[in-house]
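Next come the structures, one after another.
Each of the two complexes below includes chain A, the first together with chain B, the second together with chain C.
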Partner chain A sequence: MIIIKIRDDFTKSPGGRLIEEGAYSGELFRNNILSPKYKEALEKNEKLIVDLDGCYGFATSFLEEAFGGLCRELKDNNILKHIEIISEDEPGLVEDIESYVKKALK
Partner chain B sequence: MRKYSTSLKKWHDRHCRLYQKKKRIKINRYLIHQKYKPQKYKFTAPMIFSLINNREETEIFFNSILDIYAKKNSTKSKSFNTMYFDLSQVEKISPDAIMYLIALVNNIKYKISKKFFVQGSFPKNEDAKKILIDFGFLNYVNSQSITGIKPKNELIQIISGCKVDPDRAAEIIDFIKAHSECNSLQLKKIYTLIIEIMANTVQHAYNDNEVLFPNWYICVNTGNNIEMTILDTGSGIPSTVSGRFKDILYYALPDRESRIISSALDGDFRTETKQKYRGKGLPCVVECYNNNYINEMLIISGKGSTILRSNSNDRVLKDSKESFLGTIFLFSI
Partner chain C sequence: MKKIIIAIPFIVILCVSGLSIWKHGWKDFFDINIANVLTLSTAIIFTFLLTQKKNEDHRFRDSIVRLLENLQTRINDNLINSGFNEESMLKLQQEMRTIRNAIYAFRSVKNKLNIATEIDYIESQFNTYKDVIDNHICNYVYLEESSIDLSNYVALMSSKITETIVKIYTPE
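Let's turn to the complex of A and B:
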């Protein structure tokens, strides 16, 4: 099992969508952490756990670019079969991410 | 003798032409100097200097500055003109107007070009002057008469940026947490809202607007409620939503631009990026209101304004005669 705890592994204060838009963006998170860890999880045939708790909050653009962007990057919208999202602070985010992933390749 | 007279004539002609050319240059220089000589433009702010409480007069004040700026900025003159902002008659002032004034000063002084000197006067009214200083106006301008003011603990002075700044957003959330009884989920949603609006400023910076550089400005003050004012100096909501919808559906309706803002809040429009997975920023703002994470909300953009009041499902939509370049969000928490 591979775990990403965003608060510890990336930042406590996530930003917007693209790297050019400012610090701690969804694109930066996807490029540096999510995508490599996802590929590693696929290789090892393990589950990737992404823990969103303990941060200030998440903009929709950050989550869409991270998870929806991963679908677009890999041209695969079944990524959530290998990813488990933990969000006890904001339970609604899990559903939001699922909808971003579904709509990413449409 | 004949030879001499020809050469003399040639010399004389050449000399005359040279003389006339010099004279012409001198006259032209004088005319150019007259046309482009440095001028001083004085703008007098209204007594109630607030986009929220006295929208029309305040917009006339700002738009007259923008008009002169646009006109002078397009000329080839290298001379420095002076803009004088006379605030001496101001008796009531609100953070939104201070922010926009700062945005104008910032843009005129640093962002677009350096064709203007900016000068001004403080309000004679002590309360208005105090508000101007408390909200951090002196962080953006130099004053010889007032120095050494310490920031107050009960507000966040006007801060600004042109990119998404999560650290600043986190500072604001820490401030709101310390001065309110907001729960953890509410704070997270307000953080999201701030990031979304900052991101909107960056994403919608594809305007060809040479007058105002797209920036965001935020301040927070405490009173009976916590009030957060955010200014986005991008193109404004009515001009950034997709042209197809706004022209066909809303062209003939009264309060057209207010309706466009209201529809954009509901996510009815695609923005200029035209990507299906984008344009979620404004709906997120309304979601905060619908879930009672914020009490009241006022949005001013272009000619439109939309007010969402607590305990009421109706939105108050009203178009102004004057157009506002940018977007103002006022939230009560």
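Let's turn to the complex of A and C:
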């Protein structure tokens, strides 16, 4: 099992969608953390756990760019078969991410 | 006050029983057939259960209304439409998370209270507000320019909450 805890591995205050828009964007998170860890999990045939708790809050644009962007990057919208999202702070985010992933390749 | 309300029926029953015993004597007072006992017991139990159910329903509605009032205060006081900067955005993100969680919590009771349309509307207005913030999270100039739209979403949410509270207390 590979774990990404955004608060510890990235930031407590995630930003917007793109790198050019400001610090700690969804694009930066995808490029530097989510995508490499996802590929590592696939290679090792392990589950990737993404823990969203402990941050100040997530912009929809950050999450869409991170998870929807990963689908577009890999041209695969089955990524959630290998990813488990943890969000006790805001349970609705799990539903949101599922919807971004479904819509990413449409 | 609550104890007095409970005590009054007992005192009345005791007085009536006492009067009855005094007038007819012990033997006649307890001279009652099983059918009468059953009828009386059924009526008392039925009335008691009905009252309990009604009280529970009232308490449930009261607690939902209190939560809606808290939500309305949070929306009015904390969903800002100006003064955007790094610090206020961090606070706003935390507030939006709390408000969203609260709105989600109402999903489980909205059908029971027949307020599904109102909760869906509040959720939709909140999502629109959140989308504007989220999509321009670092663009404070754009957010300041969207001030009137943002305050409009807040006003719409607030007035719909008032409407929902009135609906909850309106007899069907």
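By our rule, the second predicted complex is superposed on the first by the 106 of 106 C-alpha atoms of A that agree within 3 Å, B and C clash if a C-alpha of one lies under 4 Å from a C-alpha of the other, contacts with A are read in each partner's own complex, and residues count from 1 in each chain.
Here, a residue touches a chain if its C-beta (ideal position, glycine included) is under 8 Å from a C-beta of that chain, and two chains touch if they have at least 3 such contacts.
Computed from a predicted model, the values in this text were never measured in an experiment.
Engineer: Applying the document's definition of touch, where does A:S87 land relative to chain B and chain C: first, second, both, or neither?
Structural biologist: neither
Engineer: Is A:A104 contacted by the first partner chain B, the second partner chain C, both or neither?
Structural biologist: So A:A104 only meets chain B here.
Engineer: Which partner reaches more residues of chain A, chain B or chain C?
Structural biologist: The partner with more contacted residues on chain A is B.
Engineer: In the superposed arrangement, which partner chain does A:S13 touch: chain B (first), chain C (second), both, or neither?
Structural biologist: Both chain B and chain C are touched by A:S13.
Engineer: Of the two partner chains, chain B (first) and chain C (second), which one does A:G22 touch, if any: first, second, both, or neither?
Structural biologist: both
Engineer: Does chain B (first) or chain C (second) touch A:G57, or do both, or does neither?
Structural biologist: A:G57 contacts both chain B and chain C.
Engineer: Overlap of the chain B and chain C footprints on chain A, residue-wise?
Structural biologist: On chain A, the overlap between the chain B and chain C contacts is residues 13, 15-17, 21-23, 56-62, 89-90.
Engineer: Which part of chain A faces chain B closely enough to touch in the complex?
Structural biologist: Of all residues in chain A, those touching chain B are 11-17, 20-25, 55-62, 64, 68, 89-90, 100, 103-104, 106.
Engineer: Could you pull out which chain B residues touch chain A in their complex?
Structural biologist: 163-167, 169-170, 173, 184-185, 187-192, 195-196, 198-199, 202-203, 276-278, 280-281, 284
Engineer: Which stretch or stretches of chain A touch chain C in the complex?
Structural biologist: 13, 15-17, 21-23, 56-62, 89-92
Engineer: Within the complex, which stretch of chain C touches chain A?
Structural biologist: Interface residues on the chain C side: 90, 93-94, 96-97, 100-101, 104, 130-131, 133-139.
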